[in-house]
Amino acid sequence: MVQIAMATGFILILMGLYGALTNHNILRIIVSFSVANTGVNIILVAVGYMHGRTAPILNEAVPVAEAAARIIDPVPQALVLTAIVIGLGITTLMLAFAYKLYERKGTLDISKFSELKW
Amino acid sequence: MQFEWIQIPYALLTLSIIINFGLLMNAFVAKIGARVGRRVGIPIYQNYIDLIKNYGLRSSITHGVMFYLGPVFRLTGGIGLLMFVPTIYGSVMFSNFSFAGDLILALYFIFFGTLGMALGAGESGHPHAAIGVSRGLSQVTMAELPLALAVFSIALQYNTLSVTEIVAAQQGGVLNWTLFTNPLAVVAAMLSFLGSVMRPPFDVVLAPQEIPIGPPTEYHSSYLALMQTNRVIFPIAKMVIFMNLFFGGADNWPVFFVKIFMIYMFAVFIGVVFPRFRVEQSIRWFLIWAVPIGILAVIVV
Amino acid sequence: MKEELEKRIIKGPDGLEFEVEPLRDYYCEAPPTVMPAAYSKIVEDLFNWARSESIWILGFGTGCGAIEMRPLMTPRFDAYRFGVQWRPTPRQSNLFVISGYLSVKTLKRVIRSYEQMQNPKYVVGLGSCTINGGMYWDSYNTIKRLDQYLPVDLYIAGCMPRPEALLQGFADLKKLIRSGKAEGANEYAEKFEWYKANQKKVINDWDMPDYNW
Amino acid sequence: MHELYTKLKQYFPLGELIEQRDNLAFITLKQEQLRPVILHLRDKENYTHLVLLTAVDWLEDNIFQLTYLLSNRANATDIGLRVMISRDSASMESIHDIWPTAATYQRELREMFGIDFPDSPRVNDDFILEGWNDIPPYRRDFDTLKYSEQTFSQRPGRETKDPAEHMKQKLYPDGA
Amino acid sequence: MVNVIFIIVIGLGAAFLLGLLRENWRNAAYALTIGSLVSMAWIAARWLLFFAVEGGTTVEVFTAGTEPPFAINLRMGIAEAVLLLVVIFSGLLSAVYMSKSLFRLGGRAMSVLLVFIMALCGIILTRDIFNLFVFFELAVIATAGLLLISENKQALSAGFKYLIISQLVSVFLLIGIIFTYHVSGSLNIDTIAGVSLDTMKGIGSLAFFFMLIAVLTEAKPFPANGWALDIYESAHPAFSAMFSAAMAGSAAVYAVDKLLLIGGQQWLPVVTAIGLLSFVAANLLALAQTNDRRTLGYSSVGQVGLILAVIGQRDILGDNYLFIAGGILLSHAVAKAGLYWISGLIGQRNLTDWAVLRRHPMLILSFVSFIAMLSGLPPFPSFYAKWDLVMILATENRLWILAFILLGSLLEASYLFRWFGYILKRETPRQEKNEVENKSPLLSLVPHKLLVIFSALATSWGLAYLWGELSAYDNLFYALPLLFALSFLLLEWVSVWIKNTLAIAGMVAYFVISYPLYDPLQIIFAAIFLLGGAVILLASYHVHGRRIGFYPSAMLMFAGLAMLVVAEDSFHFFAAWEFLTIGSYFMILRGKNSEPHALSYIIFSLGGAFLILTGFALAAQGVVLFNLGSLAHVAAPIAPWVFLLLAIGFMTKTAAIGLHIWLPGAHAEAETDVSPMVSGILLKAGLFGLMVLLMNMGKQQLYGIELTYVMLWIGALTAFLGNLMAVFQEDAKRLLAYSSIGQMGYALFGLALMNQLGWLMALMFVINHYIYKSMLFLSVGGVAKRTGTRDMYKMGGLIAMMPLSFIAVLIGIIAVSGVPPLSGFGGRWIFYNAILSSEYRLPMMLIFISGPIAFLYLFRLIHTIFLGQLKDDHRQIKEAPFWIMLPQMIYVAALMVFAVVPGLLLRHVDAYLSPFFAESAARGGLNWQGLTITSDYGYWSPIPIMVIIAIIFALLFAWLVFVNRKAQKVKQFNIVYSAERPFRPETTHFAWNFFAPYRKAMGFLIQPFVTRFWETLTELLHTIADLFRRFYTGNGQTYAIQLLAFVVVVYLFRVEF
């Protein structure tokens, strides 16, 4: 289970990176990074997962006293939540930039935005 | 040794002997040259007449202060050089003012006259004078080098810079002369001597045909006379150094006359045999032949 | 007037403009003066003797006669034994031998060189051309009488005179000098205006100061 | 020479050929033919050297004859090109661009004959004469004797004699 | 004490509040922004005060009330406090700076700014790795937002590139964090660091690698930094200032520092390597830049690289770590922020466009202070830091690192000072009328922007003082000469007369005060430096107006010289050395066409200084106050290397052959009164250094070669070639400059002889060369001033117009050439005696030949200027100004006196020197009894020589004048001219290529091999720079690929360790 999730995560990351590095279209790049981000998030979750344990929600099912032994590690879950939020923020920002860039040049080809160089 | 007033008349005596000897020797050498060419040649007293005539010319012109100072520097250089070197070995009378400085003083004082002459010639504003100076200075840089090396070599050999002591070390037989104890140095120095007496093959400085006699082009009348006087004194003063350093010095006047004459004749002989070098040729010649001998002399000693 | 001798307005390095008049600024304008003999007769005699025994000729061959001067230096004639020698610059020469015909163009140079010699100075006219134009008597550019332009001490006639004649001429000149009669330089100074007028009459483009110091 | 002449004749209208020697001939040309012929001779026939350029004043015909003497060093032959130009306002095309040395000849001709060579370097500067203010002295209508007598003061008493007659009289005064 | 958390709270809260404010309440929003920044700054400052003054200890702040790992904790220590201050202040000042833009964009922009600052503070404070990630991401988002402030539309694409990179970074960081957590079970840095050493193997170390590389990427290491350069180039300058000073220079490097706690020692080399690579490469590539902000960007990358390298060396830095890293970091932050702020005033983006700054002395002072800070020049913190760093590196034998750091610094200094040259010397760009509308003005002097810049300036000097206080050495600000020099900065508004008088009085007074403290050797040098300088300063009276910039520079140089003489330990010696170098550089740069020459001067000087620094560091081996006398006790294997480094360093200043190419231009192009200072005085500093060196270290052998023997050859070659090159100069001052090279060769030769007479001769040269070279430079300068040219062939015949200058030159050349009776002869005489007692015979051959060669150029100097034909346009020229003549006449008198009684000074020095050559004292010094000076070989009586020559001379002259009393004075064309007459003076004056025959014979020796070598080297560097920067293609994807490649390469490289 963990291995599958891990593998999926890494494959998604690699796919995302591949996509981001090979596509010239800015939107495709953004999408690719979203894919990669998803992969990272999956890995994050996968690392925190422990076989046979339950979700880290302290309620009747999981009394506080036993919690340490029965729930999975809550930290990665918290991290994933934060990471998703931040990822969303950055993706939005990138989209906003893409919009502005398109406004300026009427193209979304990233190689056209290389006046600044050397 | 310190200064005493009696040295002044002594020095004047030396000076007058040298001037007369020089005038006669120059004429004599010219006479020899004429005889070799089957000519009668100039009268032996011709140089006196020329001198009197030049002093006796009625008019003169001047180009400015340095024009005056040029010949003055020149003759001061000649007389001074003579005065700073002992003429006759062992004689208090004819040791001049050699207490003032040693060999190095003499060697550097040689330039005093050269500098003055060059300045005077420059003041005349004549391009030929400047060209002559340019040539002369260029040539002298290389011509003096073997001499400097030779002097260094014998200073190392005798472990002193005092002319008197060098002469003293050569006493007691011909074989004690530097000529035989340090032949390389003497060869280097004598080759250098050729370059400094303004005789062929190293007389392009004067080159009468293309830059009418070079630096002194504008000089005449008493200026010229002053320089002629120097031309009599200066080579002898220089040869006195050579004689003292390389040929055992002289302890009386006859020996002095003979040695100086022989040294001078060396340059004359070379001069009548060889044609004139261009400046860069003579520089190369010194660089290729004389300087290595000098270096060798320094290393070997 | 040649362009380089014309007045010109020059701007100095500090921006001030001023006038340069070459003939005034670059050349001495003083006329020649008569140079008195030495104060004492004995001294003057000594000097005259020395002058006569030490004749330095200006090495300036003005015409074809110059070819006759060369043998004088050879062993056959050996002028040196009479105290005669050649100098390459007028400043140091005492005798100007006008060797043969003198074209107007050369005359200008001769005048210049003569004036640059120092008093006392002597002129010897060599060959008939200097006396009366010789074979160039009808030439459009050869002067006929040297003494109209320079004070001549002695003529040596012939076309050309042989070196022996020259030697004889020098001997005669020596006598003149010794007797104090060779005062050409002073004569030139005295009759300066006359000489100049003659010179300027034939030299149309006079482009030098009146007296070349 | 004839070969050369006939060969040249194919290309240029030429005047007559005067053969002085085996290796020296003169050809008379029209003024405007000079340059092409010279160039042809120099480049094709190896006449690479301008020996001299001189002029003759044919006063009676009112023309100047210019002679350009070219030399072929390889076979030691010279050829002279003669050009006749009018004496009135004499002017000729300069060839200093073909041989720079021609400029000197042209200056001399300008001064001595008054023949103008427009565009030749320094052609109007003084050359041999300085400050000349009469008609050019080599023109035959210039009277040199008269000029000489006017300009230079003559030594009085000068007389001209025929040397042979004079010596005869002097040596044999009695006419033997 | 206010809780640290409030810094974050205020930032975040205010940002949130700003979002609530109404759109048009701009003033309120701005006030809120500034207010919150000020209060954040106040908190940080309060903490700093707590740590620094009240002696507080580091405080941990637990956010959620629990200790880690259950909650995030922050840490506040002195380092954090300082960095927070840097970050907040850069934010505050930038907010003030870009108030106009902020107002235009409204509250949202301000809130983004606050978030940015807050995020950076968070990065610094947090001890939690995931929190670190969050703050980094916040910073990224804020950065992207702030980029939109820029007026440069291309900032948009730069921002997008940055976002791409930050996506990659976040991927790496997250993966790293999660696996680190997986391995260690904690997110707290300190806990992880405590746990982990063995678990860090395998997956753990990979995880750490990912984190490290991600954080490192934020520090913009070469070559994965194209995006950063694009941002630097395009962003608003105030943002670039923050981006460079706060983000990269403070927060990112501190994050690296924190992370390294986890990784431990084994990762330090990686960081060092990346840092060094960035430092050297970025500075190399900057050489080829023309855009100002991009240049600054490269410089930022380089500086951050340097800080990273320092972090990488923390294992050996020990207690000095904070002092060193802090010194460099703060210098970088202040200077770079300042420079970016200045760039905001400039309307155009080419480096040369900065010439518009020229008319604003305060801005120039700011610029100078900033580049001095970046280059590590005293008295700024980076100087102390670099000094300590180098000392430690040398002690620990990490010489390669040392070499790379110095190489990078040299490269950086070269383009920074080149830039400074542009500012002072390039044409001020002129604004076309019709361009005014669509282009920004060339220079906009907005008061509040100026205020920001000047506060950075004030900070830089404040830090300089602070670091002086903190350092283990005396504070350089307490050095009287330096204070005196700096006080002239305040006097800039008064006239030259007052300043000059003050300067002269100060120098003389300082000499008088210090006189009792000097030993004879020091007296000679101090007299030349101070009294000699005062005499030359007399010439400065001829300048009118205020002469802004001259006096601080000149006094800085003289201060350096004064401090050099009395320096007892290597630190003060080196600091003094740097002062005199900078001061002289500014003075040289004042010349009209001196830009390239001043640049090559400063580059050579700094290169030499770095060698000296290394030499001292090697010698000190960790000793803090390394007494110069201890050079004698340096142990055997290092000693020759120390000797070599120091000797080459000093010989750079004396312009020994091979290192001489800076001199001719620098001396020739300098102003009239500066040339004698830099030639007559400054060159002696190098000799002084050499004397100190040789006196203490004596003869050293390297691989069996005796180094002093090599120096002997160098000295001889220098004398020979220097003189030879002087012969062929057409420019009078250049001729003198080459002559100086030759003369220094003599002195070097004398020193290298390592016997007492050799040293005496060298000292004689020191004195003589000062006198006659100052005199000659002044006279030639005066002539050049009057004629408006320095080409000798354009002059001629000036003797009639400028007789006094002529006399000075005449006396000068007689003295230089060593012709009796003037004092130059004394030097020659001692020289002969010295070589007689030396066993070396070959090299002196070259010295022999250089004597007459000197004669050639000296004659040319006097002839072509003063003799010959006077030119048309010089006919009405006047004598040089009185104030230029006055020192010359003093020198003439001094030369005469020194010629007659050389013993006055020298006998004391002779006596002082003899103990140093005690072992070889069999052939010792001179005997100064009576009128005659005797050595073991010969004798010399100056007074009789002078009298004899004077009498002969006077008699002959009097007689000649009498005989020719009626001589006709003629004019210049009355010459025998082969029966013709001269055409024009220009064609009659034989001057150009005067020694043509000599060139034919000897010209092959002066092929400019050395110049060609250095030129090729420079060209090569520029070509490489130009080639390699093309690697930054400007395409965001390429940058991403580069980053990936960088990650892979670093990983592989790390495996090697």
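Which chain is which? They are A, B, C, D and E, in the order written, and residues in each are numbered from 1.
Basically, a residue touches a chain if its C-beta (ideal position, glycine included) is under 8 Å from a C-beta of that chain, and two chains touch if they have at least 3 such contacts.
Keep in mind it's a predicted model, so treat the numbers as computed, not measured.
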**Asked** How short can a chain-to-chain path be from chain B to chain D, counted in steps between touching chains?
**Response** 2
**Prompt:** What chains do chain D and chain E have as common neighbours?
**Reply:** C
**Prompt:** Among the remaining chains, which ones contact both chain A and chain C?
**Reply:** E
**Asked** Centre of all protein Cα atoms: which chain's centre is nearest to it?
**Response** E
**Asked** If you tally the C-beta contacts for B-C and for C-E, which one comes out higher?
**Response** B-C
**Message:** Centroid of chain B to centroid of chain E, CA atoms only: how many Å?
**Reply:** 54
**Message:** Please tell me the distance, in whole Å, between the geometric centres of chain A and chain B computed from their C-alpha atoms.
**Reply:** 99
**Fill in**
chain C to chain D, mean C-alpha position gap in Å, rounds to 36
**Item:** Rounded Å distance between chain A and chain E, as computed from the means of their C-alpha atoms
**Value:** 50
**Prompt:** At which residue positions does chain C touch at least two other chains?
**Reply:** 89, 91, 213
**Prompt:** Okay, what are all the chain pairs that touch?
**Reply:** A-E, B-C, B-E, C-D, C-E
**Of chain E, residues touching chain C in the complex** = 786-789, 872-877, 968-974, 976, 979-985
**Message:** Residue numbers of chain E touching chain B in their complex, please.
**Reply:** 797, 799-800, 810, 813-814, 817-820, 825, 828-829, 832-833, 835-836, 841-842, 844-845, 848-849, 851-853, 855-856, 859, 862-863, 866-869, 932, 935, 937-941, 944-945, 948-949, 952-953, 956-957, 960-961, 963-964, 966-970, 972-978, 988-991, 994-998, 1000-1002
**Asked** Can you name the residues of chain B that touch chain E in the complex?
**Response** 3, 55, 59-66, 68-69, 71-73, 75-76, 79-80, 83-84, 97, 99-105, 108-109, 111-112, 114-115, 118-119, 122-127, 130-131, 133-135, 137-138, 140-142, 144-145, 148-149, 152, 155-156, 159-162, 212, 217-218, 221-223, 226, 278-281, 283-284, 287, 291, 294-295, 298-299
**Message:** For a test of understanding, state which residues of chain C touch chain B in their complex under the given definition.
**Reply:** 35-38, 43, 46-47, 50-51, 53-54, 59, 75, 78, 80-81, 83, 87-89, 91-92, 94, 118-120, 185, 213
**Request:** Sort out for me which residues of chain A touch chain E in the complex.
**Result:** 13, 17, 20-21, 24, 26, 29, 33, 36-37, 40, 43-44, 47-48, 75-76, 79, 82-83, 86-87, 89-90, 93-94, 97-98, 100-101, 104, 110-111, 113-118
